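Next come the structures, one after another.
The following pair of complexes shares a single chain, chain A, combined with chain B in the former and chain C in the latter.
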Partner chain A sequence: MKRRIAVVIFPGTNSEGETVRLLRDCGGDAHLVHWSRSVTLPEYDAYVLPGGFAYEDRIRAGAIAAHDSMMDHVIDGATAGKLVFGICNGAQVLLEAGLVPGTGEVRRPTAAFTRNAPVPHFVNAFVWVKLAIAPSRCRITASLPEGALIPAWSSHGEGRLAADEAHLREIEAGGHVAFQFAHADGSVDAGAVPNGSALGVAGLVNREGNVLAIMPHPERDGWTFNHPDRRRGDDILAPSGGAVLFKSFVEAVNQA
Partner chain B sequence: MAKLDTSGVALRPDELRKIEAALGREPSVVELHAFDAQWSEHCSYKSSRHHLKALPTKGHDVVLGPGEDSGIVHLGEHNGERYGIVIAHESHNHPSQVVPFEGAATGIGGIVRDVLCMGAEVIAVADPLRFGNVDDPHSHARYVAQAAVDGISAYGNAIGVPNMAGDVYFDERFDDNCLVNVVALGIVKESEIIHSYAPKDADGWDIILVGKATDPSGFGGASFSSLTLDAADEDSNKGAVQVPDPFLKNVLMRASYAVFAYLRANNLTVGYKDLGAGGIMGCSAEICSAGGYGASIDLTKVNVALDGLKPEVIAIGETQERLIWTVPASITPEILRIYNEEFTLPQIAYNARAVVIGKVTNDKRYVLRHRGKIVMDVDIDVLTGSIRDELPFEAHQPGPAPTEYPFVTGVQLDELLERVLAHGDVASREPLYRRYDAVVRGATVIPRGAADAGVLAPVPGSPLGVALAVAGNPRFGHIDARLAAQHAVYEAVRSVVAVGAKPVALTDCLNFGNPRKVEHYTELVDAIDGLATAANAFETPFVSGNVSLYNEASNGKAIPASAIVSCVGALQDVSHVVTMSFKAAGSVLYFVGRPQEALGGSVVLDVLGRHEARLPLIDYAAILPQHALMQAAARAGLLRSAHDIGSGGLIVAVCEMAFPTLTRGHKAIGAQIDDPWQWTHGRVGNIEALFGEAGGFVIEVSANDVEAFEGLADDVEGVYEIGVTIGEPVLAVEDEAFDLRRLRDLWERPLREVYP
Partner chain C sequence: MSERAVAINLKIPDNAAYTALTTLQRLGVDVTRVERSEILVVDFGGDDAALAATIERDEAIFNPNKHRLTVLDARAPRPGEVWIAEMGREKRYIGWRLIDKVGEPASLAALRMACTRLLCNPAIEKATFPQ
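Then we have the complex of A and B:
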């Protein structure tokens, strides 16, 4: 059966429109839930936190939103095993809320997506991200093939994973590195990383495998008309490319 | 009674006398500042309006021509609904020179409101930029070039509107007066347009101010924009620049979309307008007078950021992120609820909110009260009516005589190509535009840099596409304002044609020097004539525009004549778009255009330190069939890639088509170009053929499609087969071969220093 997905909007969110559209095009029963309607959040079965600049990215991207009352409900849901999927600013919020990598306490983050390096600027670039875990390690990626290579747009100024050595070791050893930046041929090295992220991390998953945080935007290469390599005769309005991750998420939600 | 203090006011003595005559008395302080704003060049177009009438503004696809906050052009139909593209184009030059981050950011903020208030969803911005010489890392010009881009990036990214087009030129003549032009696009169902005036039967309606709390920032902005910049006034100029708040704007836009939905659901017609120059006064006076009404406003009701603001500051200051609604009082509570409770404006920014500040009246008076006292009471039509300055200009001078030909440089082709590719006007723009979000909203078909125009699919579920490009070459403008304006139209149109779209509308921003100097006013008049000539020839009307004068430093150094043009293109199916990068080895390359001898204003002459006063001419009769060929070939799927020829000429265009294939994961594709003397049939020399900037396209056609393409091109003059693509990272011209990777590195480096 179709379960209800809430696309959570904080003041400053800016990617809610395409996120809810792609979820619907991938078969999800997705709804926008605005900050003044946060009391309705417990009624939903899964949560998507889209991109943007929640609370103007004050202090550090996601830091204020992590303490918003909206996140009380998202944290409750995550703890109860609901699926939570954060993209870009949504991913930053999940780290600041301590839900991913989830190696510490709630709202006591052990890692952050912070200012890009070496150039501390916003960068907009087409990228590939590669699934770095066994698909079933994360419920949201369960229907992806092993080593899936997904197109996306990296559009952020604060996407560099930063943590102290001990926590980075924990992230790596605990299988929290869900996605890494990759080249078009699937190879992974520092040259593919646009933001200086530690371990080449593009996405992280929590221990239980129900919360996924990914910095690049798969939904910005989510329909055939978005692809630079589209061909004549393709159904240009069909979800494709980055949509595979959305499809996998929707399948996981509806199976739950 | 004390003499009226007119310091800080740009009105001239003759204008002050005109105001006194109209009022029958001396104006109050508020009235003085109100007329100063409304009668400024910035608001009144007093020295340009009568010339602008020459521009074509009507056409089959025009839904709304110039006159309101934005123009609207028909895009196409989807599910029985007609969709329009809303477009506006403005400058924010003086603010960006003085406080570049804030100045450029508020430029984006202002243009976005112009589009929003038509009832549209904002879908894109674009930024034509003209900066000074940035070679010295410690120069103010370098700082302006960096901070203005950061401001545009910070604002556009935060509100979630992709930057889909733009250009940048560097020229020391912009050292003291940069140009920051901004363009915004919106999408609207044509049945749901909201106009910038109070509609019929609006007498007694509420005037609702919505947005940021009014503060003292931006007081005198309109008249500041209508004076030349004086370095000595730097501090007071800074006070005239507004403070951007993209966070609040993000919420304000979304709240306005919710209001639009409410109005649609209830089938209500209202008025909505952006606050720009002249603040609350300018906006409320124009929205009411345009509907044939007056207005009565109580300034004490305005939500302010601090107490004790003078009434003229509340009335005329240009605090950002504000708009005005005129609505029937019966729906006021719902509008206030949406902004203040559903979207919690007061919690987004200090004292931001929607608030009723007055009433629409039918007595044609514009009345402002402050703490119970009337501080302004004037005939609304005198305040907003058109005033006109008749200024002297000279008849157009005929062009200069031809100079040396064929052109001999004594410099080897490889060295010349390397220097041209590293020129500031040719080098890769990627370091700049990668600071901009090009893909938010998920509707991007061609992001900036992948083709000559950006392309979006703005209607969810529909294959309709919109293309946008901007143009305006200051190297041309410096030589001949009239021909440069024609070239601006030609290049903007050409860029849209290059992606396979049909040009449907133009906008212009006329950036010129002091109109009270004959030579600058002559340039303005000539440029308008040039725009009209080209727009008529391409049968593409102007639907929106803006004039920015007094672009010069206090030492009288003026900028090159800068008519900057944007062109909107329509695509019925985005499957047909054509991008710039080579697709395969073994394709046939054609030049579509006409080689010309004239090298005036070209980059190649600039790198050689030479000058020629002859610009390439535009042969519209030859160009129109070429554009028709491009569109037919794109529709038929015969164009593997296409690139318009601009700065640096044909050889640079070929390089730029090859460079994207050199990235990892792609197969490198180069080109073999035949001896130009052969394909031009000796018409021009090799330098002119390879580096000339007369326009046209380079296109890639699959060997299998050559017959079909040449069939389409049969009766078209100006189609030359110039070579083939090859499976190596090499550019070969006749028997010389150049390493494309090396050329790419030279091309990528210059702007990386400015935008690391």
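Then we have the complex of A and C:
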């Protein structure tokens, strides 16, 4: 059975178009839901928070959106077990809302995706992210193979995971590190991390496994036309590597 | 040389301050106005006028068409104001000054509530309150 997915749009969201298209290409029944229609959100079975600059990143990236009435419904849904998937700015909103790593209270963040280091800079680069948990640990990644390597585009100035030592240990020990930055051969080390992120984190999952936040954009490698290895004559609209995470998400939504 | 603090704020409408105001009100904080400043702590040897003139000449941080500069009496938040700094960058703050319903600087309790609920993420930021 096809279940309905809401792609949530805050003022300042800018990646909703490619996100909803890729969800549909992967078989999802995805719909754009503007902030002015937030009351309809409970009707949906899953939520995707796309990239952008919600509320112009005023105060901090994701801080205002985390308190928006849209997030009241997303938090209620996540608490009830619905799947929630945040990408880039959507991931920042989920951290500010306390839904990931989910080690504290709701809307009391214990970590942040913050200014890249060592020198503040905007990362705009093709990257690989590697699944760092057993696929079944997160319902959204359950259809991926062990150690799946996913191409994506990093596009952020504030994507470095930061927290105090105690919380970082809690994040690591609790199995919240869903994705790490990796080299093309799948190896993981500091050289693969473009933003100084603690533990090499590219994505986090909550304890229950139904909320996933990932900083790079897999949807921007959802079709061949944006993949760096594309060659003349390739079908530019063929599915590319970033689509596998979306397919896994859609499968999980439809099985719920 | 001595350590001095200056506040730079917008003299044009500050959309970020307005968004903070409406969000804080939604969260139940007693506030009717929010003023946002960039607080810079610098080492400087001259008087207030010389310090102001030096900063106002730096086009990277001060635009006379939209900014107003105040040399502060002390390196400490003013009444009703909290300073938020990213950890490791404690010479550069965002100052949030809250005014309550009767037009007075917000109480320390209201400032603490505003920080806990919105203005400060303790994972990456540190709040300095007025004495």
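Operating definition for what follows: the second predicted complex is superposed on the first by the 251 of 256 C-alpha atoms of A that agree within 3 Å, B and C clash if a C-alpha of one lies under 4 Å from a C-alpha of the other, contacts with A are read in each partner's own complex, and residues count from 1 in each chain.
Rule of thumb we're sticking to: a contact is a pair of C-beta atoms (placed from the backbone, for glycine too) under 8 Å apart; a residue touches a chain by one contact, two chains touch by 3 or more.
The model shown is predicted, which means the values in this text are computed figures rather than measured ones.
Colleague: Once both complexes are superposed via chain A, do chain B and chain C end up clashing or fitting?
Modeller: Fit - chain B and chain C, as placed by superposing on chain A, sit side by side.
Colleague: After superposition on the shared chain, which partner residues are touched by A:Glu96: those of chain B (first), chain C (second), both, or neither?
Modeller: Only chain C; A:Glu96 stays clear of chain B.
Colleague: Have a look at where A:Ile59 lands relative to chain B and chain C in the superposition and call it first, second, both or neither.
Modeller: In the superposition, A:Ile59 contacts chain C only.
Colleague: Using the superposition on chain A described above, determine whether A:Thr114 touches chain B (first), chain C (second), both, or neither.
Modeller: In the superposition, A:Thr114 touches chain C alone.
Colleague: Name the contact category of A:Pro42: first (chain B only), second (chain C only), both, or neither.
Modeller: neither
Colleague: I'd like to know which partner A:Pro145 touches here: chain B for first, chain C for second, both or neither.
Modeller: Once the two structures are laid over each other on A, A:Pro145 reaches no partner at all.
Colleague: Is A:Gly81 touching anything from chain B or chain C once the two structures are fitted on A? First, second, both or neither.
Modeller: In the superposition, A:Gly81 contacts neither chain B nor chain C.
Colleague: On the A-aligned overlay, A:His67 touches which partner chain: chain B = first, chain C = second, or both, or neither?
Modeller: The second partner, chain C, only.
Colleague: Here's one for you: vertex at chain A, rays to chain B and chain C, all C-alpha centres; what's the angle to the nearest 10 degrees?
Modeller: 70
Colleague: When the two structures are laid over each other on chain A, which of chain B and chain C touches more residues of chain A?
Modeller: B
Colleague: Does the superposition put A:Asp164 against chain B (first), chain C (second), both, or neither?
Modeller: In the superposed model, A:Asp164 contacts chain C only, not chain B.
Colleague: Chain B and chain C, closest CA-CA distance after overlay, in Å?
Modeller: 6
Colleague: If you lay the two complexes on top of each other, which residues of chain A touch chain B in one and chain C in the other?
Modeller: 55-56
Colleague: List the residues on chain C that touch chain A in their complex, please.
Modeller: Touch residues, chain C against chain A: 15-16, 19-20, 23, 26-27, 86, 116-119, 121-125.
Colleague: Any idea which chain A residues touch chain C in the complex?
Modeller: For this pair, the touching residues of chain A are 55-56, 58-60, 63-64, 67, 96, 107-112, 114-115, 162-164, 167.
Colleague: Which bits of chain A are touching chain B when the two form their complex?
Modeller: 11-15, 17-19, 21-22, 34-36, 51-53, 55-56, 119, 121-126, 153, 155, 183-185, 191, 217, 219-223, 225-226, 228, 230, 232-234, 236-237
Colleague: Residue numbers of chain B touching chain A in their complex, please.
Modeller: For this pair, the touching residues of chain B are 153-154, 157-160, 246-247, 250-251, 341-344, 347-348, 433-445, 447, 450, 457, 460-463, 573-575, 579, 637, 664-666, 756.
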